[in-house]
Structures are given as C-alpha cells and as structure tokens.
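Chains: A, B, C, D and E, in written order; residue numbering restarts at 1 for each.
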Amino acid sequence: MFEAIAFYLFAFLTIAMFFIAVTTSQALYALTSLAAGMIFISAFFFILGADFLGAVQIVVYSGAVMALYAFGMMFFDTTRDVKEKNGNKYIVVGLSVVSAILVVAIFSAPLVSENITALYPMVEGAGNTQEVGLVLFTKYLVPFEVAAVMLLVAMIAGIVLAGKDMDLSLTLLDDNEIEEIKNKQMKKVL
Amino acid sequence: MEIGLNHYLVLSTILFAIGLIGVMRRKNLLLLFFATEILLNSVNIAFAAISHYYGDLTGQMFAFFVIAIAASEVAVGLGLLIVWHKRHGTIDLDTMSTMRG
Amino acid sequence: MEFYLYLALFAPLAGSLFAALFGASPKTIVAGLVPSILLFVSFVSSTVLLVHILSGGAVVHVEMMTWMATGDLYIPFGFVVDQVSVTMMMVVTVVSTVVHFYSIGYMDHDKGFNRFFSYLSAFVFSMMVLVMSDNFAGLFIGWEGVGLCSWLLIGFWYHKESATWAANEAFIMNRIADLGMLVGIFLVYWNTGTLQYEQAFAAMPSLGTDILTLMGIFLFIGAMGKSAQFPLHTWLADAMEGPTPVSALIHAATMVTAGVYLVVRAHPLYDLIPNVGLFIASLGAFVALFAASMALVNRDMKRIIAYSTLSQLGYMFVAAGLGAYWVALFHLMAHAFFKALLFLGAGNVMHAMHDELDPFKMGGLRKVMKGTFIMMTLASVALAGIYPFAGFFSKDLILEVAFVEHHYIIYTVLLFTAGLTAFYSFRLVALIFHGEERYKLFGIHPHEAYKFMLVAMSPLLLLAIIAGSFKMSYFEMVTQVLPELEYHIHHPVTFWIMTIGTQLFVIAAIIFAYRKYANAKVTVPDGTSKIENRLCYKVLSNQYYIPYAYEEYVVKPYRELSTVLWKQVDMKIVDATVDGIAGIIYGTGEKTRDMQSGNLSTMLKWMVAGTVGLLSLAVVFGLAVRYSAEIKAILSGLGV
Amino acid sequence: MLAPVNVSLESLNLMTLAPMLIPIIGALVILVIDMLKSKLDRSLYVVLSLLFLIMDFSTIIDSSSIFMKDGTLMGVFDVMLIDGLAILSQFIIVGASILFIPLALSHKRFHEFAYPEFFALFLFMIGGFQFMVATDNLILVFVGLETSSLALYTLIAMHNRDKSFEAAVKYFTMGALAAGLYSFGAMVFYALTGSVEISKIAAVLAANGYADLAYVLIGVVFMLAAFAFKLSLVPFHTWAPDVYEGSSAAMAGYMSIVPKIAAFVVAMRLFEFLIHSGVVWLEIVLYIFVIVTMTAANIWALVQTDVKRMLAYSSVSHAGFVMAAILIGTTQSNSALFLYWILFSFTNLGSFSMLWLSRQKHLPAHQNSDHSYDKFAGMIKTSPIAATIMGVFMLSLAGIPPFALFWGKVYLISSAVTSGYTVLALIMALNSAIAGYYYVKLIVYMFMKEPIIGNDGHMYVANATKPLRTIIGIAAIGTIFAFLAINPLLEFITSFVYNSGY
Amino acid sequence: MLDHILSILIFFPAIAGVFGFMIQKDSVRAYGVAVATIEFALSLWLWFSFDSNVSGMQFMEQLPLVPAFGINYILGVDGISLFIIILAAFFTMIGIASLTETKDVKNMIISLLFLQMTMVGVFAALDAIVFYIFWELSLVPMLYIIGAWGGPLRIYASVKFFLYTFAGSLVMLVGMLFMAYFYFQATGVWSFAILEWYRLILPENFQLWLFAAFFVGFAIKVPMFPFHTWLPYAHGQAPTIGSVILAAILLKMGTYAFIRFSLPMFPDASAFFMFPIAILAIIMIVYTAMVAYAQEDVKQVVAYSSVSHMGVIILGTFALNVEGISGSIFLMIAHGVVSGALFLLVGVIYDRRHTKMMNQFGGLASVMPRYATIFGLMLMASVGMPLTINFVGEFLSLLGFYKQSHVLTILAGTAIIVGAIYMLAAYKKMFFGTVTIEENKNLPDVNKRELLALVPLAIITVWLGVYPNPVLAPINKSVESIVQLMHDKSITEEAKSRIPNLVHGIEITRTTVEEAH
C-alpha cells in the first residue's frame, strides 16, 4: 500500500516537474523543476531497492549536472524570460501524444514473459551497493572502464571547447597572420 | 492495489513523451538539453523497475551507465554552447541555420 | 566466246572509269572519244555474240565469282548470253554507241563534258549487267545501277532546280517500284530456294498459283516503275530535264524498256499466271491510250516524245502480257531505234533553237535543218507504223496479237491509239519543220548540227527503216527460248482488211495533223484561244492533274507529316517524356529540399516524426497480427 | 552474503581487449607528452597516432588469425565478442583511420590540428568504435557509441568556425535524442528478455516464440530510430548534410565511413536475427527505409550546388543502398556489405580528400560555399591529373566499372537477386542511374567547362602536401585497381561472415 | 603472342594512352596515328590468323578475375565480332589521322585511345561482367569527347547520352545477375561466362523476363524507337570524330549484344518477341526516316538515318535465320563504314563553314566536286545501292525477315524508299542548285588529310559491296552455329518452327533449370 501511494505521489510529482521543465518560459523555473524531478526520480530508485543508483542519481544529477547547468545559465544569462517562437504546436503535441498513447497502450498490456531467469540475481542479505559493486567490477568492468574513458573524453572536450584557444580561429586566418601571432606570443613569453 | 512493472513502464513512457515534447518545442539550446536529460532519466526509472521485478542487476547497471553518459553529454554540450555563445551571444537555435537545402 | 562476253560487258565500265579520271578537269575530247570507242568495241563484241547465237551456237553462260553466299543463299556474278539477252545487248550497244558519238557533238560546249561520258558509259554498263545477268540479284544490280545513272544524268545540269527535282522524283519513284521488285525476289528465293533464273523457273511450276501470282505481281510492280507505267509514270516526262542524248538512250531506247525485258525474261512465270498477264496487257493498253492522249496537246517537244515512248511501252506490255513475248521484244527493238532517232533529232532542233522546247515557237525549220528534218520525219513515219518502216511490222503485230487472242477491247484501244500516235507525231513534225518561221519572233538563228552528229545518227535511221525486215530471222532466233507463238489472222480477207484499214486510219491521222498544223495560221498559243480553255484541253495539258495530285496529296502531306513527326512527336512527345522524367525527378528534389530547412528544431521534429511513424506502423502491424483471426473473419464477412 | 568470485585470468581472454586498448593507450601517451612539453608540432602527433593505429591494425590481424583458427571468441566475462563481423569492421575502422590521419598534415594550418587533444580524442574515438563493434552487450555498445560520438562532436567543433559549431551542435543535439531512443529501445528488450546481450535476447525471444510481438516491435522501433540516425536513413538523415558541410572535408569523408560501419555492424547483429525469425514488419520497414533513403537522398543530391554537400547526400544514399544488405540478410548480402564498405571507404575518402586538397581559407567573391561546383570548372585545363583522379572517384561512386564501387554494387545487387528481391534489385539499379547525374555533373564541370578567369589551378592543390598526395594516391590506386583485390577480399570476407554465423 | 593477341588489342591502346600523357602537345597527333596504326595492323593480323572454317571462338584467353563469384577474364572472337573489332581499329586510325580539332588535342587523342580499348573490349569479351565493364566504360570517353569538344548544347547532349545509356545498362546488369543466379541454381557454380550460359535452357517465362531486362539495355544503346532521342543530340552536338566513332562502332554494341546474348540465350523469348520488336524496328525505319527528312541540319539527317538503318539491322537480327542474322551483322559493318564516312563528310564541310544548316549551302557540287563525288558515293551506299556495302546487308536482312513475315517486310522495305527521300533531299539542298551564299563560293575542296580518311572508306564501300565474301563467309560460319544452337535450345513450338534447323548442326550440352523457382 505504501508502495502504491509513494509510486503515485512521485509519479505525479515527476511528471509535473518535468512538464514544467519543458513548458515553462522561465529558464530558472525550468532548471529548478528539472532538478526537483531528478531528485524525485531517485525516490523511485529507493523504492525499487536500487539504493546505489538512487545515491548516484542524487549526486550526479542533482549535484554535478545541475551545478553545471546552473553555471551555464549564469554564463549565458538566460535567467530572464526565454522567448521561444514555435511554429506549429500541433505537430509537437500531436506527435508526442500519439507516441505516448501508442507505447502506453502496449505497455499497459502485461508482459507474457514475466518469469525471466535473472542472469545476475540479487542476493539476499547483501546490500545493493555491494551487489552492484560485484557485478560492476566483474561483468561490467570493461564498460566501466570505457565509461571512464568517455568521461575523460568529455572532460577534454569541455576543456578544449570552452578554452581560450578557441577564441582565435586558425582556420579562418591566413598562414602569415598565424605566423605573426605566433611571433607575438613568443615575445610575450620572452 | 499492487504496483506492477507495467506501472513503471507506463510512467517511464509518459516521462519519455514529455521529454520528446521538450525536444521538439524548445528553441533555447540549454533548455533543449534539459529535455534530453529527461529522456534518459525516464528510461532509467524503467530500468530500475525491470531490474527490481526480475531480481536482476543488469538493469541497474544499464541505468548507471546511462547516468554516466548523461553526465558526459552535459559536459560536451555545455562546451559547445559556450563556444557558440561566445561568438554569437545567443543560444537560440533559430539563429543556427546557415546551412540548408 | 567468254572473252567477248566480258569485253561487251566491261568495255563500257572501262570507258566510264576512264572518263571519270577526268571528272574534275576541264573538257577534253579524249574523255568523250575513248568511252565511245570502247562502246563500239562492246558493240562489236555483242555482234560477235549475236552471230554466234544466230549460227546456232550454245548459250554462253559464265559465272565470274561469288557475290553473296550465306545460309542457303548463293548469288554469283553470273552472266548469260542467250537469244533474249543478246537482242537486248544489241539494242543497247547500238543505240548507246550512236548516242555516245552524237554526244561528243551535242555536249561540245558543256562544262561537264567529261563527267557526262563517265555517267553515260556507267549507264551502259549497268544496262548490260541488267540484261546479261543470269539471276534476279544481278538483274537487280543493273536495275538499281541504271536508276542511279538515270538520277545522275537527269540531274546532270544540277544547277537547274527543275532538273534536280526531276532526278530525285525519278529516283524515288523507281525506288517505290524497286521495293516491289525486291519483294518479288524474296518471294522467288523463299519459294524456289534460289535466285538463278534457270533453277528458279524450273521450280515454279510446282508452286501454288497464289504464290506465283504474288511473285508475278511484285515483279511486275518493279517493271512498272522502270517502264513508267501508270501510276508511276510521271517521272518519265519530268526526266526530259536531262540532256537530250540521255533522253534518247535512257528514257526512250533502253532503261525504260527494262520492265518489258523483265516480263519477257520471267516468261515461264507469267505463262503460269495468265490472269496477271491479262492485267499487264490491260494496263499496257490503258497506258498506251492515256499517254498518247497527253501527247496530243503538249507543248514541249521532248515531253511529247516522252509520252509517245510511254505509249509505245504500253504496246509492248500488251504484247508481253498476252504471252507474245517475242513480239514485245521485237517492238522494243524497233522502237528503240526510231525513238532514239527521234530524240536525237529533237536534240538537234533544241541545239538549233537554243534549248527552246515549245514547237509552237519554231516552224519552218526544214529549210535550215534539212538532215534533221528528213530523219525526224522518217522516224515519225516509223513510229506511226507506216509500211515498210520498222514500226509497221512490230506495231501491227501487236494489234494482230490482241485480235487473235480475242481481246477486242484492247485491240480497239490500240488501234485508236495508233491513230493518235500518228497525229501527235506529225503534229510535232508539222509544227517544227513546216509552216511559218515563228522562231524569228524570238530572234533565234537556228543552224544545223555538226555533220558528224548526223552521220552518227544515220545507223539508227537505217535501222528504223529496215528493222522490220529482220522479223522472221529474229523470230526464229528468239523463239528458241521464248514461246513459239505465231500470230496469223486465219482469214486472209480479215487480215488484209485490218492491215489496210489500219494503214488508212493512220495516214488519215497524219493528214489531219498536217492540215491543222502545217499552215501559216498557226500562232504561238497565249492561253486565250478557245480550245485552250476547254476542259478536256486543260485536263490533258495538265496531264490529268496527276502530277498536281501527287504534289498535293502525297508529297506535301509527307513533308508536313515529317515536320509534325519531328517537331511534335519526336521533340514534344518522345523526347519530352524522357526529359520530363528527368525533370520530375529534379523538380521533386527542388521542391522537397526545403525539408532540410537547416533549423535544428525541424530536424528534431523529423526524427520524432519518423519514430512515431514507425511506432504507428508497429502498432498497426502488431494489432493486425494479434487480431488476424478476427480481421480475417470480418473480411470474409464483407465478402473480400 | 555474496560469494567471492574466482576468475581465472585465462578465461578472461584479455587478448580480446588488445586492439581497443592500443588507441586508448596511444591517446593517453599523447596527452602525457603534451603535458610534459607543449607546443610540439602536429607532425609528431600525426606520426604517433599513425604508429598506434598501425599497431592496432596488426593486433587486429592477430585476432583475425585467432578467429580463423578458433572461431568466435568471447572475452572478459563474455562482454567482448570477437567474431568475423567485429574483425572485419575493425579493419575498416582502423584502416580508414590510418588513411585519414595523415590528412592532418595539410599545407595550410587549421585550428584543430594545432591541438594535441585532437589526436588524443581521435584515438579515443577509434577505441570507442572498436568497443562498439566488438561486443553484443547493449551496454557496451551504448558506452562505446557515446564515447566515440562525444569525441566526434568535439573534433567537428574544433575546426573552429561558425559552420563547424553549428554542425557540432546539430549533431550533438540529435545525437542526444538518438541516445534517448537507443536507451528506450534497449529498455524494452531488457523488459522482454531480462538481458541486454543480443545473443541472449535472441535466444529468449525464440524460446517463447515472439509471444509479445507488439513489445518486440516497440523495441525494434526505438532501436531502429537510433540506428537510422547513426546511419542517416531518411528521415533521420537531416543532420548529415549540415554536419558534413560544417566539418572539414577530411573529417566529413571520415565520418561518412567509420561511424557508419560501426553502426552497420551493430544493426546487423541486432536486426539480422529478427529478420531471420520472421519479423515481417521489420522486413517491410527496412524495405521502405532502403528505398526511401536511396531515392530521396539521390534526388536531393541532384539539386545541390556544393560538391561537399552533394557528397554528403550521396553518402546518405550509399548508406541506404547498403542497408539493403541487412534487409536481405543472407551471408552473401552481409559479405557484400563489408565488401561494399571497404571499396566505398577508398573511393569516398579519396574524393573527400580531393576536396580537402582544394580547401581555401578565403572564398573568392563568385564562390558562395567551400566547394561549389563552379570552383571546379575547367579543372582539367589547369590541373589535369587532379581532375582525372577526381573523375575516377566520381565514376567509382557512380558505379562505373571497373572502378571499386562497381564490384560492391554488383555483389550487393546480386545478393538481392539471389534472395528473390527482384524489385529491390531493380530499384537499386535505377537509383544508381539517378545518382549518375550528380556525379557526372562534377565531371562536366571539371572536364567540359571553361575555367573562371584568374583560376590558375593553384587552388586545387593549395592544401597539398606529400602526405596528402600519398593518401590520395593510395585511394586512387585502390579505386582503379580494385578488381585485382576483389577475389581475395571476397573470399576473406565471406569466410569471416559465414563463420560468424551471419 | 598470338595467344594473347586479344588482350594486346584491348590494352595496347590504353597503355599507349597512359604514356601519351608524357608526350609534348604538338607531337601527340603523330603518336596517336602511330598507335592507332599499329593497333589496326594488329587487328589485320588477327584477321589474317583467323581460321574462317571454325565456327566457334578463336584466340580464347582466360584469366581468373573473381573466381569466387564466377567472374573471369575471358576473351575470344568469332566471325561475328572479328570484323567489328577490325572496324573499330580502322575507324580509330582514320579518325585520329583526319582529326582537325586543335583545342586540347592531347586530351582528345588520349580519350580516343581509351575509347578504343573499351570498344575492342566489348566485342572481344566472353564474360558477361567483363563485357559489362567495357560496355559501361565506353560511355566515359564518349561523354568527355561530346561534352568537351561539342557544339553549343554539348553538355546537355553528353549528359543525356550518358545517363540514358547508363540507366538502360543497369537494368541489363540486373538481368545478367539473374542469369548468373539461374546458372548457379542449375549447376551450383557461379559463372558469368557467356559460353557457359549458352548451355542453359531456361523455362519460357524466365526467358521472357530476362530478355526484357537485356532488351532495355540493348535497345537504348542501339537506339531503338522510342529510346532513340539521345542520339540526335549526341550526334548533333558531338565533334566529327565523336559522331564517327559513335555511329560506326558504339551503336553496334547494342545490336551485337542482341546477337551475342539475347538470341542464343533466350531463343524462345526471341521468337516470342520477334513481332513486337519487328514492329518497333519498322517504326524506327519509317518514322525516323520521316523525321530525318524534316531536319534542317545535315548532321541530324545523318544521325536520324543511323537510327533508321539500325532498324533494318534489328529486323535482320530478329529474322532468326542465317540469312537475316548474317545480313544484319554485315549491315553493322556496312553501316559503320557508311555512316562513319558520312559523318566525316559532314565534318569536312563543318570545318570550312562552321555550320551544318543545309540552307547555308547549295550548289556545292560545282565548288567542291571531289567532295560532292565522295558524298554522292556514300549517299548511294546509304540508300542501299547494289554493289555498295550497305546493299548486301540490307538485302540479306530483309530477305531473312521475309521468311518470318511478308507484310512486315514490305513495310520495312519502305526503308529503301524513305531512305532515298531524305538522303536525296539533303543532297539536293546541299550540292545542287546554284551557289547563293558568298562564303561558299571559294570553299576549298577536300584536302589530302581528309582524303586520307575518306578514300579508304570509299574503297571499302565498293570493295565489300562487290565482293563481300571475305567478310560474309566467316560471319556465316559463326551465325550458322548460333542458329543451330538456338534451334536445339528452343523449347516452344513457336520457336522451333521459327528458327530453322540446319543440317550440319553443332553439338551442345544441355542443362536445365527446372528446379529454379
């Protein structure tokens, strides 16, 4: 019973938050509601016994991602109203509603193959984090490492793109201009 | 009233649809990125739920990686936006249609 | 004898090539003389062959080399000198030798002198191939060859629009007939398996009448073209645009008789199909009358003679069609001589009159041109068929044939035509040589032609007079290959009545002509006289409006249809379809490239739309699978 | 309590990781070098990357010999899957990268090559692709895909001009949407089968006889959408022309080959079993995709005025063409896919390199895009060899024999014929004819028009250096003399594909 | 060397073409003439060494190309292809020798040499894919030649030519792949070897479809009505040499392919489609002849006349008997010579006056008598005058088809009438009458270089018209074997009765594909 109440409550909340996040014209509202929605989602994780996931969700999303976005927003100065000219709203709404109805219609039908043998079953008595750790560092070791590489890539990408070197485009300069700039930089160093 | 897997799947779908709405109607790139986060998050709920109902950890693993991916995307996306904003002072995607046809 | 055969055949070719060497250089007498001499050589060889045949020698048959051989088809270059072909060879070589020598004088002042002899000799060569070939394909070579030379020679003065037009007309009309000929050849090949005369004719009796009739008709269509039979006759009159020796040689004596030769040559075939023969005879009779009627009022000297030729060809076809092949051939020979003579005489007159052709503008020329006057008068007498000239023997024979075969309508027509022939011939003679000297009005100073030209013509004159006397020896010779049919009116009274009657009728016509045209009252018609405004005069002088009809209803529509096919069908339908398909593809691209608006939002919408589209498809399909039984039930309920 | 896990090192088959690790290590080495000493010349990094890629290539050769001996190999807790497809596609990925990387040594300086990070990211990207193809675990596919994609977005943006940012942002945003679709699709499959490994998914689905067909289709739809994006199938292709135009020509050429082959391999793994299990819907949908993509992209390519954009649409069209191989799904067609793509890489990389060779920094007034058709007018007059080579590439793309792509086309159409897809074969053939138009259009400009006044031909080779010429030479030789290599290639590919069970 | 003479014939010009890049611009013409002459000499040697008593393939070569897929490099000639190869070599030679183009002459000559490779390749190939390679490749140099040296509409014309033919041949390619697949089904081995395909007996409905697929490719190449509209543009815009080669050789590829592929591979379909194709051929003959009559540009007249003559060739081919097929092959050669010469002649006047409109001429016979003579000769050959080369082919083609249908042959026979009409009209417009235009008054007659090209053609025209046997005999031999093969292979009553059974038949092996789906 508790589960049902919690489910419906959080379901309502997440839907509401996300709905605000995609519809509001106030960027700040959008950010806030998105962050709230993220946190509510972690609630589902906790309900479903995925404690580790819940924690990660809060830390990564509500912490890191939202902080990044907040920075970005300040940088872009989008705190004021965002004017968005939308062409045809019917297309947007129509497409989404149709897709939702279709998928929901199918998903409300029960899955036939409910009794699936779990490949990596949850073990009684072990904490979720432990279990996750065990699977993550055996079976999913490679993806985990690749994910690390991915984060490294993202980091490098962020640094490169946001870095100062991008301000001056070598692509658009002639070779002799590039030489001049180089010489100037050399002088500065000296 | 038992909450079954289907409930979660439906919820996930609804959230996904909201994400799609956002993707389609947002013209501000930053807010558009929000919508893509919603997409990924909605799927995460479903993964966790399936994982729970099947007693299988793979779903959680998937959700975990999805979170990692979402985070990386944010980094790259913001980097791109910063560059664009530096040049043009706007992140409205309607300004971004020099190539067409 | 083979040597003489080759000599007779190839001497003209050598002459032609020799003259062609000088084709682009200015006139040299050599270019005229050498071909003429070579032709004389050919004539002598032909005579040797004639003597050989006459003296009972075997038919000379040679096979020079293979021409085409594929599948079951085998066509050699084979030549045969038998009684029929040797006759033709003699006619051809005699007339052409005369014409060659004559032309040296006639073409004296012409720039294209060398070229002329080249063409003329080439023509003789082609004609020799035509008559000497031992198979249908070889015949066709000559057939087309003479057509080509005819084209070249009619259009000899190519700067004249009328000449080139006439040349093309002649060629194209002949081509129409040649198609028939070609089809006839195909029929012969596929039904007898060969194109050699001997084998083919040998195989024919075993074939069905339908096939034979078809063969006969198609071959005769070929003959109709060459011999200018109705309705393919218009080219012959127009062909008079060529130099007069050409008219004499090609359009009177030799080429136009090729059709008769073909029918004679194919007599084993036509013997098997008398119905076709009757048709040929009827057509011949019709043409004889028809052409003669047009000659009555014509005001062009050469055309009158041309129509006369046409009319005489009709006679020949009557004979050939009625199975009297040797008679046809005999008339062919006799006609060749006097008609060539007539033409050459006309050439002299033209020379004298500076290419004036209207006899009404002449008159009284007998004083200046005595030789020509005599020759032309005698030739006309021969043409009219007065005893004892050549025409009497041959033409009278044809009348007898018609009578004996009980084709009285044909007989009557021919008889009537004989009168017309006499009238128009002497109308011409009278207008040219008698009466007032009307030419003076036009300031022309006529003069007689070169002596040697007259001398050159004299053999023809001689032959025109005496050819009739060869009748019996000729009969004996030629009937060794042709059906031996003697035509005798059984009752001597009938015979005499007929002969004398005919003669009287003809003479009456001559007198009438003289009375009407050999007096001082004749003036140059200016289109106002009463007779000229009569309907029948107009019809006749416009050649029954047939050339007009051809122009209006065949040539013009063809030209217009061609333009329509090109501009409307080819460009606007066929080509435009292709371009249209390309255009549609390209246009679709132009119209739909807006899909790529460059706006990110649109792109995202496309992606979502694509997904939703797939999703809908999936759901439809999923439902259809899940409820397939029900759907089937409903569909069957609906009667699908 | 959790039981301790005992894993023997041998059973891990760590060898399977070697090819992917090499580029990653290489990237790290480059980063370290940059940290130790900055402002080193790009040639160092090019050569370093080249070395690592060659090492990578040789390890793939190594694993291919292992595959030939032992067949399909699983490794590291069965996450890695080294089968024929993985090896073949890695050959293409690494081979094309080897051909690409020297293009950085252009005569003119461009922004991205000034960064050592460019090369590091490039190597990371290759690693990502390699992971993507060498596994049937949807998680690793996803992570590998994102690793490479994120690197790719950055590489595009690093060209550093407005169009490239625009391109990167567009690509990125759509990629993010595609990532959402992918994860949703994976979720559905997971919900259906409790597994994220394609082989297991196939097994489970087969075991219950596709009872939840509607669910399966939902999963397929989302997966299909995600891969259609990656493979640029119409209407998910909209990014392709813009991104190609925005990035440098060399990068565009690279993009038309490597990411797509990776996506093809995954699509093949994922869809092939569905088609073989008789999911007619997928067959129909793929049929539609193939035809629409080929035709529509061709039609749009017709109306382009910029060569690079035309080539972008042409690449889309080629992708649609090759997608037919997956639809047909026989050993012959799958072999044809690889054959086609190998030949396509030579030709397409060659033609984009030719564009790269002629890259100008400042456009003259009459030219309104980097590589407009007019620019190539009369090229034969001023630089005949370059024009001839470009002409050969165009003819090859059009499928004129005996140039490279013809063989791919023949084999692919033949596979359609063999499987009874007559209409498809005809449509494929006729599309080649439509495509002929725009390829010939460039030839027309190069060979039949007069050069614009003042064009001395220098601009066609303005960016040329020895390495660039070498690469183009290799591509040209590969394109022209392909017929000599077809037989060994075909036998090699067929045995690999066949032994992998496709 | 004789073992590889075909390969040498194919690749010698191409290799020479590659080396041609190194030659200085002014000397390249001499180089081109030298190469083409050597090539022609080689082709004559081929003829010399050819054994005309053998009906099958000679000088065969085989190299594996893609054995895994049944593609091999197989070459060989028989009487059918031998003379077209010689003709190709000959025309390239005189084409280069008489070349008057001065702009980018180096590129032109190199293109011509490459074109020669493809032309010889098409006729020597005995593997469908190798055939297809050369077939397609031939489009490229032609595209360049038309597009770079042509008239004002050259680009439109060249692209149209390219795309039209390309589209058609792609359909043909699909047909080839099907054929290979059927062969695979029947024997378990992939093969594209034409001679192997000959042994395959297909069910009738398969034959019909495959025939149709091949037909599209061939018909566009020929070009048959209604696929002919690329031709007038291509000819009208192409430079002289382009038109010459196009008319003389490239068009023959289509008709050659009919004889090489369609007839022996699909005898029943050939018999089935005989009448529809004959009707198309007749439309080609009459319709294009009429269109030719309406033309104002003399080159277009010759171009449309080509289509018209190709109609006769098609008709002869589908006579399905030895006479017709031999005739059509001979007519291919004849038409090559004659139309090639006519295009050369048009080029002569175009070089002098830079116009091809007939109303710009008139009375040329007096200004350029030698030119008029040669033109006249070729004109007469074109209208099928006996003792010229064309007549033999036309006569045999029509003769052959007469066996199949009387009425259609009579309709087709109008070729000799309508052909004469447009040709004579054109000749009259150009050569007869008086010179009215000032520029025409002092036109120089044909010069030595032009005579160098024209006189040999004139000699051939007459020589082969008078004595066609050296060419006809080998053709006949090979055609007999093909007809016999068709008769033996045919399965329907219709075809059996249409295709004659020759007494001296040849042995063939049978393989059926009843199991093919």
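To be clear about the criterion, a residue touches a chain if its C-beta (ideal position, glycine included) is under 8 Å from a C-beta of that chain, and two chains touch if they have at least 3 such contacts.
Keep in mind that this is a model prediction, so the values were computed, not measured.
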Labels of chains that are neighbours to chain A and to chain D: B, C
Top chain pair, ranked by how many C-beta pairs fall in contact: A-B
Most centrally placed chain, judged by C-alpha centres: E
Of all other chains, the one whose Cα centre sits farthest from chain B: C
Identity of the chain that, by mean CA position, is farthest from chain A: C
Euclidean distance of C-alpha centroids - chain B vs chain D, Å: 26
Whole-Å separation of chain centres (CA-atom averages), chain A against chain E: 68
CA centroid of chain A to CA centroid of chain B, Å: 6
Approximate Å spacing (C-alpha centroids) for the pair chain C, chain E: 35
Overlap residues in chain B, where contacts from two or more other chains coincide: 5, 9, 16, 19-20, 23-27, 33, 42, 54, 56, 58, 61, 65, 68-69, 72-73, 76, 79-81, 83, 93-94, 96-101
Overlap residues in chain E, where contacts from two or more other chains coincide: 163
Where chain C touches two or more other chains, by residue: 582, 593, 596, 598, 600-601, 604-605, 608-609, 611, 615, 618-619, 622
Contact pairs between chains, per stated definition: A-B, A-C, A-D, B-C, B-D, C-D, C-E, D-E
Complex contact set, residues of chain D against chain C: 169-170, 173-174, 177-178, 181, 213-214, 217-218, 220-222, 224-225, 228-229, 235-236, 238-239, 241-242, 280-281, 284-285, 296, 299-303, 434, 437
Parts of chain C lying in touch with chain B, wherever the complex brings them together: 593-594, 596-601, 604-605, 608
Complex contacts: residues of chain A adjacent to chain D: 103, 106-107, 109, 111-113, 116-119, 123, 125-126, 130-131, 134, 138-143, 146-147, 149-150, 152-154, 156-157, 159-161, 165-166, 169-175, 178
In the complex with chain D, residue positions of chain B that touch it: 5, 9, 12, 16, 19, 23, 29, 32-33, 36, 39-40, 42-43, 46-47, 50, 54, 56, 58-59, 61-62, 65-66, 68-69, 72-73, 76-77, 79-81, 83-84, 87-88, 93, 96-101
Touching residues on chain C, where the partner in the complex is chain D: 582, 585-586, 588-590, 592-593, 595-596, 598, 600, 602-604, 606-611, 614-615, 617-619, 621-623, 625-626
